[in-house]
Amino acid sequence: MTEHGTPAPAEGAVTRVRAAGLPGHADPVLECRDLSVRHGSEALLSGISLAFGRNEATAIVGAPGAGKTTLLKSLNRMIDLVPELQSSGQVLLDGEDLRAPGVDVLALRARVVLVPARPTPFRLSIFDNVAYGPRIHGLAPDRTELERRVRDSLDAVGLFDDVRTQLSAGCDGLRPEQVHRLCIARALALEPRVLLFEDPCRGLDPAAAARIEDLVHGLSRRLSVVFTVQSMQMAGRIAQRIAFLHAGRLVEVNLADELLTKPRHRLTEAYVTGRIT
Amino acid sequence: MNARFRSAEKPLRGHAPAGRLRVGAGLVVLVAWLAGAPAHAAARAHPVVAGSSTVFPLAVAVAERRSGPGALVLPMGTGAGIAWFCEGLGQAAPDLAMASRAMLPEEAAACLAAGVEEVDEYLLGRDGIVLVAATGSTLHELSMDALWRALAVMVPDPAGGEAWVPNPHHDWRELDAALPDLPIRVFGPPATSGTRDALVKLALRPACERALASWPRAGFEARRCGELRRDGAWVDAGENDDALVARLRADPAALGVMGFGPLHRNPGRLAAVCLDGQCPTTASIAAGEYPLSRPLFLYLKPARLAAVPGLEALAGDFFSTAASGPEGYLVRLGLVPATTAGMALRVPTAPLAPERNLALTLTVVAVALVLLAVGPGLALLRRARPVGAALERGVGGMLWAAAAVSGALLAVVLATLVIPTVGFFRHVSPAAFFGGTHWSPESALRASQVMGEGAFGVLPVLLGSALVAAVALALALPLALAAALYAHGWAGDRFRRAWRLGTRLAALVPAVVYGLFAALTVGPAVAAAAGALGARAAVESMLAAGLVVGIMLLPALALRIGEALEALPGSAAESAIGLGATRWETARDIILPAAAPGIGAALLLAVTRALGETVVVLMAAGLAAHWGLGLLDSGTTLTVQMVALMAGTHELDNVRTQLPFVLGMFLAMIVLPLNAWALRLLRRSDVTPSPVL
Amino acid sequence: MSPLRRSSELTAGRHRRDAVMRRVVSVGAWLLVLLLALPLLDLLRRAGPGLGWTTLVAADSMSAADAGMGGALRASALALLPVLLVAIPLGLAVAVFLEEIGRRGRGPMLVDHSIRHLAMLPPVIFGLLGFGGLVVMLGLPVGTPMLAGAVLGLAMLPRVVLAGQHALRAVPAEVREAGFAMGASPLRVVAGHVLPCAAPAMLGASFSVLARALGEAAPLLLVGFAAFAAGRPGGPGEPGLPLPVQVFRWAASPDPLFAAKAAAAALVLVLGVAALGLAGWVLERRGGAS
């Protein structure tokens, strides 16, 4: 019942694992400090303290209702959209508290971009879809810059070759996998610091899902990526680090390989082996 | 295995014949009962009284004092009432007709032709046609000649020419320097009214014929002597005396034509105009000194006395001491009674044969069979027991029949509208109808009742409908759009839940409530506001009607727009926020464009709802027959005219009686394509509309 | 200044526009609520002098002091019976047929199409149909709750069908497949599986239809209800004006007491409609939840 080498924690207590030699913690791009989110008397997240590393992919894993999406959306303050929720604690982007007064939420979301589940294109042309972000933030003062961003983003997701001749066409003819890529390109056009994915690959057939997983994995080498996912295995394939949430609490965070093969908390082990879902 | 199945079936087969017998017997009994019941229930046991709106208050006073199956009293005008009365001896026609003039020979001939061989005429009393104005008016005295010159369609040329000219007089002072300087505006009853007949016969025609005698080369035929001018100085203001009183009080310069009863009943509010030196009082009317006094009649079919239990007592009550005696309640209402000694009613010689109503019986039986098959049939099928295939086929067949009947409903609706329309367009050219700009359906139910054809240009009526719809949508669309955006974009969960329930309930609020609001509050408020700004507005303005219809449209429109906003697939809106767009930018760039077809459909459905609205406009703008084309004037719409022109007669072979159906057809022809467009838009969008009723 | 706090003209403008639009739409929403409340508040204000036992119970009369809505209440109740007992079951039956049994074929599609259009027609037109079909052809007596019920039933039938179809479509395909998989015939699947699932929504819709029928006056004005009905109807064949028509009649009078009574009657009408509507909503939610 107790973890190896550490004192037996109380039920649900945070197990922060700091192993030597792990990069990222000295200079995390995003960090939560004692973040809690409540809905009335019900706690959706309790005392989450977690750091997300630069230029790496971190997976937030857990059962439905564990608080993954709540945590993800707290990272770019999209949680503010639900007035019934109250948050406390700090979320730091490069050391600066996002939740401090005076922070421009729009500027934040241009830097920490969320790609929601079930990606849906806007009813605009492919070009306008990808250009939407830079346009509203005024990031592309002239057309050449806009075109450059669109081209680079589509290229980065591997879509440019497929659609280069139909940039001004609508999105109706795109396959689901292409839609996924398009929505990622939309986010990339902002040249963000952090990409947040809510359950990537949901609704894709296994072959397409594998390709998107590769895409995300590839993106994480030059960007910081945080994503939520239910399946531990998929987390292991994409992410370098995994954080396991259960019932609103952070149970364990560790390198992916370590967490999957040597889980330290019994809940983690139960989830990895499939005894809880 | 087989043995098991077989033994499960055996007991049922054993019971089946007895069960079927029971069910069959039950059905036969039920059908027999059903065959009798509707005919019995639809057999009329109460008296129906129809006709003159002058006699109407008197008839109501009599009817309400009777116990037993109450009478139904319909004020539709003497002409319409007698026409309906003379349709036959069956229960479909009224038993008693109220008239403010004597029955005409052609009306009696129509009665005879329809099989009504005996009609008894009872003189109820006398009444006067009075000209009234609101208290405080400066117009007290008129000569009959001045009255005719003010109202006739053509008059002697004031410039002294030989031929008569279309009536050029616009002020009373032009006719007589002693009269006040007021515009000529007289509200009076429509062509179906006996009061109008009496005015023409007693006042206008004699003066006209006298004038014609001095103008040999007038170029005007004597038979046109009763025609009234149509340029707005005379206004057909409907049958409703109460409404007329209200209009007069709102328009101090106007005069109204009504019976003596309403004048007598509204002592403080109205002042009568004396004609040729005679002022209308009970004495002057009874003595016949007041020039426009006329008799009031009741027409009774003696054959109906046996068929309708309360008819004899009701008819007798008119002449009872309590009613017509010195302090009788009818006298207090303004009746000048013919007799205070009571009246004996003639008893018929042969009883009427009972009526058979085959169509109704068949319909009820058919409907009941379908319902029986469906209800209990489905319940039987629900139980997990093997059931005969016959039952399944039976239930399935009944369901099919139900669907077929409902589909036939459309055909019946169309037939009801198309047949009279076709008949109508045989007499009136489509060009005149669709292109004409003058609407005065003065055609009578009898060719001789009023001279001249009516004008059937539907454009002013259509314009009225369009105006109301435009005002309504101008108010409702921005508000509903804003509110739906707020509820689905910015507001929290609690607000949204309350909002959904609230709008659904608000959409159920009946139109009469809004009509009441319009008539009592909004109309006067708009008129007052316009007055304060220097404009003149009728109390029953189209603006008021349009505003209230707009309020009525708000819940359904907001609901539908909300559905369109919510129906967006997937996470487009969330993606936009995730990219750093503001809520407003998301709404403007992503949500609204995607929801545009759904919003368009909602708009179209609101337009058709506004075009089809009847009650609110009826109560707000009244059954007025004078229409300006402006927002601040009172006007009319297609639906209001449908109600106003509906006579109770079953004979739909006459232009006047076909009119409501023609208007209905026209309305349907406008509404159907708009709805079809809305459905197409909905199919294109992703909205599954909830059937908001 | 940190990049997160740097607020350019552009960003400031965006925030400002968002705040302004938020204010505008919330004002719109509250204005809508206010406008919807106004007629009801006006009713409450005006109904005062008209409220009383006489107004509630007595029959209609010429004199405002003696007039009451007793006859109208009975007439409305009697008029709703045909809607409840005939139009609603018939409409639901048609919906079942169209959605479950007769899906293919030109006939059912034609019926489906025409019912959808009928449901969107203004109810006034059904008054014309009522006159032609019910009064002239079937000989129903004018001014009686029987006729009122028949006309209202006709007017509501297409809407019931539409609502029934909506309820049936909301039943997930798995329910039907479960039934078919066990070898049940289509009718059995419907009766045993689909209908129980759709029943709460159908019930809720039925109540909404009743509420709408209770408040509908326009088609009745075309079939001889613009009249005076003496006494209170003892049965569906005796004259009686349903409540909305009674309000209409009283509202036309210049007598302020009649206006107050009209408001009182309208209040009763609103209460009745609200009760039916709420009942439908509750039944729908409770049924759907379980």
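Per-chain numbering from 1; labels A, B and C assigned in written order.
What we mean here is this: a residue touches a chain if its C-beta (ideal position, glycine included) is under 8 Å from a C-beta of that chain, and two chains touch if they have at least 3 such contacts.
Fair warning: this is a prediction, and the values are worked out from it, not measured in the lab.
> Just grab the chain with the largest centre-to-centre distance to chain C, centres being mean Cα coordinates.
Computed centres place A farthest from chain C.
> Which of the two pairs, A-B or B-C, is linked by more C-beta contacts?
More C-beta contacts join the chains of B-C.
> Please tell me the distance, in whole Å, between the geometric centres of chain A and chain C computed from their C-alpha atoms.
Comparing mean C-alpha positions, chain C is 49 Å from chain A.
> Could you tell me the distance, in whole angstrom, between the mean C-alpha positions of chain A and chain B?
Distance between chain centres, rounded to whole Å: 66 Å.
> Rounded to the nearest whole Å, what is the centre-to-centre distance of chain B and chain C, using the mean of the C-alpha atoms as each centre?
Those two chain centres are 21 Å apart.
> Tell me, which residues of chain C touch at least two other chains?
14-15
> Where does chain A touch two or more other chains at once, residue-wise?
106-108, 136-137 - these are the residues of chain A that touch more than one other chain.
> Quick check on chain B: which residues sit in contact with 2+ other chains?
Chain B, residues with two or more chain partners: 582, 585.
> Give every residue of chain C touching chain A within the complex, in rising order.
On the chain C side, the touching residues are 2-8, 10-11, 14-15.
> Within the complex, which stretch of chain B touches chain A?
Result: residues 492-494, 568-572, 574-582, 585, 589-590, 593-594 of chain B touch chain A.
> For chain A, which residues are in contact with chain B within the complex?
It comes out as residues 76, 78, 81-84, 105-110, 113-123, 132-133, 136-137, 183, 186-187, 190, 196.
> With touch defined as at the start, can you tell me which chain A residues reach chain C in the complex?
On the chain A side, the touching residues are 93, 96, 98, 102-104, 106-108, 111, 136-138.
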